[in-house]
Amino acid sequence: MAPAVTILKYVGRRVLGVAITLLAASFLIFASLYAAPGDPADFLTQGRTLSPEAMASLREQYGLDDPFLVQYLHWLSGVLHGDFGTSFQFRDDVTTLIGARLGTTLTLMVMAAVLITVVGLTAGIVGSLNAGRAADRLVLVMTTFLAAVPSFVAAILLISVFAVRLGWFPTFGGGEGLLDRIYHLTLPAVALSLTFVALVSRVTRSAMLEELGREHVEVATSRGVPRSTVVRRHVLRNALGPILTVSGILVAGLLVSSAIVESAFGLSGLGSLLIQSVDKSDFPVVQAITLIVVGAFVLVNLLVDLLQPLIDPRTLAGEAGR
Amino acid sequence: MSTPLLQMSDVWLRLPGIANRPILAGVDLEVAAGEVVGLVGESGSGKSVTARTALGLVPRGAQVEGRVLVDGTDVLSAPADRLRRLRSESAAMVFQDPRAGINPMRRIGDHLTEAARFAKRGEDVRAARKRALDLLEAVGLPHPERHLKQFPHELSGGMLQRVMIAGALMGSPKLLLCDEPTTALDVTTQKEIVSILARLQQDEGMGMLFITHDLDLAASVCDRVHVMYAGQVVEHASAKELFASPQHPYTAGLLASTPSLEVVQERLRPIAGTPLSLLADPLGCTFAERCDRVMEGLCTTQRPELVEHGDRADRCLLNQTTEVAG
Amino acid sequence: MTALLEVEDLCKTYRAHGHEVAAASAVSFRLEEGGSLGIVGESGSGKTTTARMVVGLERPDSGRIVFRGQELSSRPRGRSERLERARAIQIVFQDPYLSLDPRVAVGAAVEQVVKLHTKLAGADRRRRVLDLLGQVGLGEREAGTLPRRLSGGQRQRVAIARALAVGPAVLVLDEAVSALDVSVQAQVLNLLTDIRELTGVGLLFISHDLAVVRYVCDEALVMRSGEVVERGSTAQLLSAPQHAYTRVLLDAIPRPA
Amino acid sequence: MTALAPTAVVGRARFAKVRAFGGDWIIWLSAGVLVLFALAAVFAPLIAPYDPEATDLRNVLAGPSGDHLLGTDQVGRDTFSRLVYGARTSLVGPLAVVAASTVLGVLVGLVAGWRGGRLDSVISRVLDIMFAFPALLLAILAVTLFGKGLVAPIVAMSIAYTPFIARQVRGLVIASRSRPYVAAYTVQGFSPTDVAVRRVLPNISPLILAQATVMFGYALLDLAAMSFLGLGVQPPTSDWGSMINDSRGAVLLGEPLTAVVPSVAVIVTVIAFNVLGEELGDRIARRDA
C-alpha cells in the first residue's frame, strides 16, 4: 500500500480542488445578478411591490449598498449558514421551501440511479461478452434508440400508455408515505433513467471490450483460470474505473433532467420549483437551486476521484511524484 | 524416443476477412521433454500464433485445421474443462511484454496464486503461496515476501518478466512456451532471464518452445531451430547445422542480413523486398518474390513441400530439384 | 581544426516520482566532418535524451552544442535562426509508424520541406523531390502514397528522405532501425552507408545494438545512467573494452554456441 | 499494403468492431434524414400546406386525413405544417450552439494543449469549473436573468458546451505533441504556430467533427427541453419541443398523436446525428489502428 503521506496528498489535492471550484462557482452564480440588464434591485423585484420589511431584508441580504465583494462575502456567509434568503413568490425562507421538496427529488434520484446502475451495467456487460452476436446487436440498437429519447418525450409517452390508456400508474402527484411515493414515482424514474441507461450501458460495453482485449486477460486464460473468473476479476474489475468516471459526469445531467421530469409529471420537487421560480423571476430560489446542483455534482465527482485509488493503485503512483 | 510433449501436425489457421493467405499453412512441429526448440522468423511469419494455437488460444473467427497434441490431449477438440486443466497443469506460456501481461490493478501475489486458487478447486491456498515464494526466489527476485504484496507498477520490466516466468511455472508444467520473452528487455537483463529459463528448464526437465526473431539468441539457447516464413516452417535443423550451413535461401538471407560482432563486414547482403503481406496469397513458393535464387516458372507456380534430409528438413524446390537431378 | 559538431558537458535532470533523475550528466563528444559516431547504451542510459537535446527538442540544463565553431541556441528565435538550426542537424526517429504525418502523401511530405528550405518551385521542386526519394530507393509510384499504405521499412526510408531534404550537415538516427525486421534493417543500414558516402553527411547513430553500431560507425560512446563511461573506435571498443560496464554489455550479447 | 504483425492480427480478429447496424446503409439513411429535415426547414413556406400559427377551433385534435396529413392540435393548427416550420427553430438553435462552442473550444484547447505549462493549468482549472454547470442549468439561469426566448439559452449553452470540445482538443493536442511526426516538423524548422494550426489541427479535426456531430444531437435535446419547459421558443412560434409541451393536455385526453409526431422528429434527428458522429469516430479509429 502507498505510504500515508501519499494518500493524504492525493486526498488533500482533490479536496482543495473541489473547494476552489465551489468557491468560483458560487462567485459566478452571485455575480450573474450583475450580468442581468438593469439595476440589481430593480431586477430582483421585477416591478413587484414588496412590503417595506421584505424590501429591507432584500437590500440587507444582498447588501445592495455595499461594495461588490462585501456583498458577495455577506451572501456567501449566509449560504454557509444555511440561509439562502427569501423567495419572492412564496415570501418564505428559500431553505424551508427547498427542504419541503427535497424528499421527492431525492427519492426520484435514488430510484433512477438504481435503474440506471442495474439495467445499464447489465446491458453493457451482456453486450460486451457477446460481442458481435445477436444479444450485442440488440443492446446496441436499443441504446442507440434510447440515447435519443429525451426525458420529456419519455414522460409524455409513458403517461399516454401506462397512465392514460392502461391506467396502471397515476398521471400526477408525488404520493404520500414511502410505498405510495415509490408507486407514484415509478413512471417518472423510468422516464428520467432511459437516456442514462443507454449511456451507462454504452460506456460499460466499450470499457469491458477494451479490457477484454488486454494481454493480461489472455495470460490469465492461458493459465487455466476459468472464463467467469477472468471476466469478474480482470475484465469487470479493471473496467470499473472508466465506468465510474463517466457515471460521475452523468450526475450533472441527471440532476437537471429531474427538473423536466418533475414538471412533466406535476411532481413537487426541487426541479419543478426551479422551473416555477424561473417563470416568476424568483432569483433567490434559482440561485439556491443552481448552487445546490453544482455542489452536488462537484461532490459526487470528488467521491469518484477518491474511489479511484481503490480501483487502480497506479492512481496514487502519479501522486508520489508531485 | 518417447512421444513428444507438443506435437503439431499439418496445422492450418485462416482468418477470413482479415488475411487472404493462411496465417498458418501446414505447420509441423514437435517438442520433446527436456528439449529446447527454437522458432525464428520475422514479423508476420506466424511464430506467436503457432505458440498460442498450441494452447488453444485462437483468435475469434479463426478457422483451424490439423492436429495439436499437448501431452497426449488433442487441444483443438478438447472440451473447455479439459483444456483448462491442461493449461493449468501441463503447459504454460511466457509472454513478450510483462507490463501488458500482468494485471496492473492486482498484486503480484494474486497473479501468481490465482490459477491455483481458481482453476483447481480445493487447492490449498497456503501451499500455493509457499510455491509462489519459492519460485520468486528461484527466478532471482531479492525480496519474495515483499514482492507478493507489491503491484506491477512498483517493479521494473526485468523483475516483472521474472514474475511472469514464476507465474508460468506455478502449475509445474511439462511444456513451457516462451514467446519472445526477452524482446522488451535490455541485453544485460536478457542474459539473466535466458539463463534463468535455461536453468529451470534443465532442473524440471521441461520441454521448451523458444520464440525469437534474434538468430544469435536462438542459436545460443536452442537444441533445434525451426525457421518460419509466411505461416510455414521453411527449414529446421539442429542449431549448429542450421547456422553453419543454411539450406533454405530465406535462412541464408537472414544470416547474411544480421550484422556481426565478430567478423568485419564490408557490406550486408539483405534479402530484397519486404515480408509477405497478409493480403497476398501466391500460387508458388511464398518466398519466391524475394528469393535471389528463384527459378522462374517453377518456384512461382509450385508450392514446395517440407522435405527431410537426414535429421533436418527444408522447403525449397532448389534443393529438391538438385537432389532429383543429382 | 573545428569539428562538425562538438557537444560539451550537456546536462539534463528530470523530476520523476519525487526524486531527480539525471538523464544526462556532462555528456561531451566530437563528431568530425563526414564522420560517424555511435552512442550505445541500454534503456535509461540517456542516449535518447542526448539526441533530443542535440536536435533542439529538449533544452539542456547546462552545456553547449557547437556546430562548425558556432554555438547553437537551444531555443531558436525567428525564422532564419530556426531554418539555420534545421540545416545543421536533422533526426530520424525509432517508430516508422508514428514518424510520418498520416495525412500527407510521401511526395508532399518531402516537398513541403523542400519548399521551406529552398527557393525551388514548379518542375524544379518536383524533380528535387523525386531525386530525394530516389536516393532512398523509392520512386514516383510511392510519391503519391499515404504513409499507411507503406511498410515499416519504406516509411523509414521516407523519414530519411525527408530529413535529407533539409540538406543537413548532421543526421541523428535515434534507434532508427530497431523496430525493423532483420532483412529490412539490413537494407536501411546499407542505405545509410551509401548516403553518407554520397552526401558527406555526418552520422550520430544511436542504438542499443552494438553489432549494428559497429557496422555503421567508426567511433562510439558507451553510455550508462546518463554518463559516458567509455569512448573510442568501435573496433577497439569491441576487441579491448576498457570500462567494466562495456565488458558486461559485450558479454551479454548472445553468440551462437 | 502494410504487413501486419501477427499479434495485431490476432487482436483485431478477436475484437473486430461490432456495429449495431451492419453496412453503410445506416450512414446514408442518417444523412438522408438530416438532409430531408434541413430542406424542410429551408423551404418550409413551400412545403407546409397551412399557416403553422392559424388556429381552427371547429377542427381540433383531428386525426390524419387528406386535408391534414398528420391531423391537427388542440387549437386546430395543422400538425404537419407546424412540424415543417418547427424544423427551423429546432435545427438552427443547435447549429448555432455547436458552431460557437466548437470554434471556442478548439481555440481554448489548442492554446492550452500546445503551450502547456502554467497557462494550461489555469485553463484546465477554468474548464473544470465550467464542467460543474450542466448546459441546461446554465440555460435556465440565463433565462432567469435575460428573459425567455432562444437567444439566452443558445448563448448559455454555447458556453456550457465549450469545455467538452476544449478538453478533447487539449487531450488530442498533448498526445500529438509527443508524436515523432510533430517533433519532426519542429526539427525541420517549421514555426510552432504553423505546426499547431496547419499540421496538428487538420490531423485531429475529424475527431473534433465527430464530437461536434454527436453534440448537435445533445444540443437539440437540451433546446427542445427548454421549449418544452416553456422557457425557450415562445408561442405561437412552432418548435418541436414546444409542440410536445402543447400536446400534454391532449395526451391526458387519450389523444397522443400530437405528441407522437414531434417526438418522432426529435428522436429520429438525434439518432441520425449520433449514428453519423459515432460512425465517423469509428472510421477514424479503424483507419489509425
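Lettered A, B, C and D in written order, each chain numbered from 1.
Here, a residue touches a chain if its C-beta (ideal position, glycine included) is under 8 Å from a C-beta of that chain, and two chains touch if they have at least 3 such contacts.
According to UniProt, the chain labels map to these proteins: B, C = ATP-binding cassette domain-containing protein; D = ABC transporter permease subunit.
Keep in mind that what you see is a predicted model, and the values were worked out from it rather than measured.
The most central chain, judged by C-alpha centres against the centre of all protein C-alpha atoms, is D.
With A-B and C-D as the two chain pairs, more C-beta contacts join A-B.
Taking each chain's centre as the average of its CA atoms, subunit B and subunit D sit 51 Å apart. Put simply, the C-alpha centre of subunit C and that of subunit D have 47 angstrom between them. Each chain gets a centre from the mean of its Cα atoms; for subunit A and subunit D, those two points are 21 Å apart.
Residue numbers of subunit A whose C-beta contacts span two or more other chains: 132, 317.
Shown for subunit C are the residues in touch with two or more other chains, namely 151. Across the assembly, subunit D contributes 1-3, 11, 14-16 as residues in contact with two or more other chains. Taken together, the subunit B residues at the contact with subunit C in this complex read 42-43, 186-188, 190-191, 194, 213-217, 219-221, 239-240, 243, 253-254, 256-262, 264-265, 267-272, 274-275, 290. Listing the residues of subunit C that touch subunit D in their complex gives 55-57, 79, 82-83, 85-87, 89-91, 93-95, 98-103, 113, 116-117, 148-152, 159, 162-163, 166. Against subunit A, in their complex, subunit B makes its touches with residues 55, 57, 60, 80, 84-89, 92-93, 95, 97, 100-106, 114-115, 118-119, 151, 153-154, 164, 167-168, 170-171.
Every residue of subunit C that touches subunit B in the complex is listed here, in rising order: 42-43, 151, 153-154, 181-187, 189-190, 193, 208-212, 214-215, 235, 238, 248-257. Touching subunit C in their complex are the following residues of subunit D: 1-3, 179-181, 183-191, 199, 202-203, 287-288.
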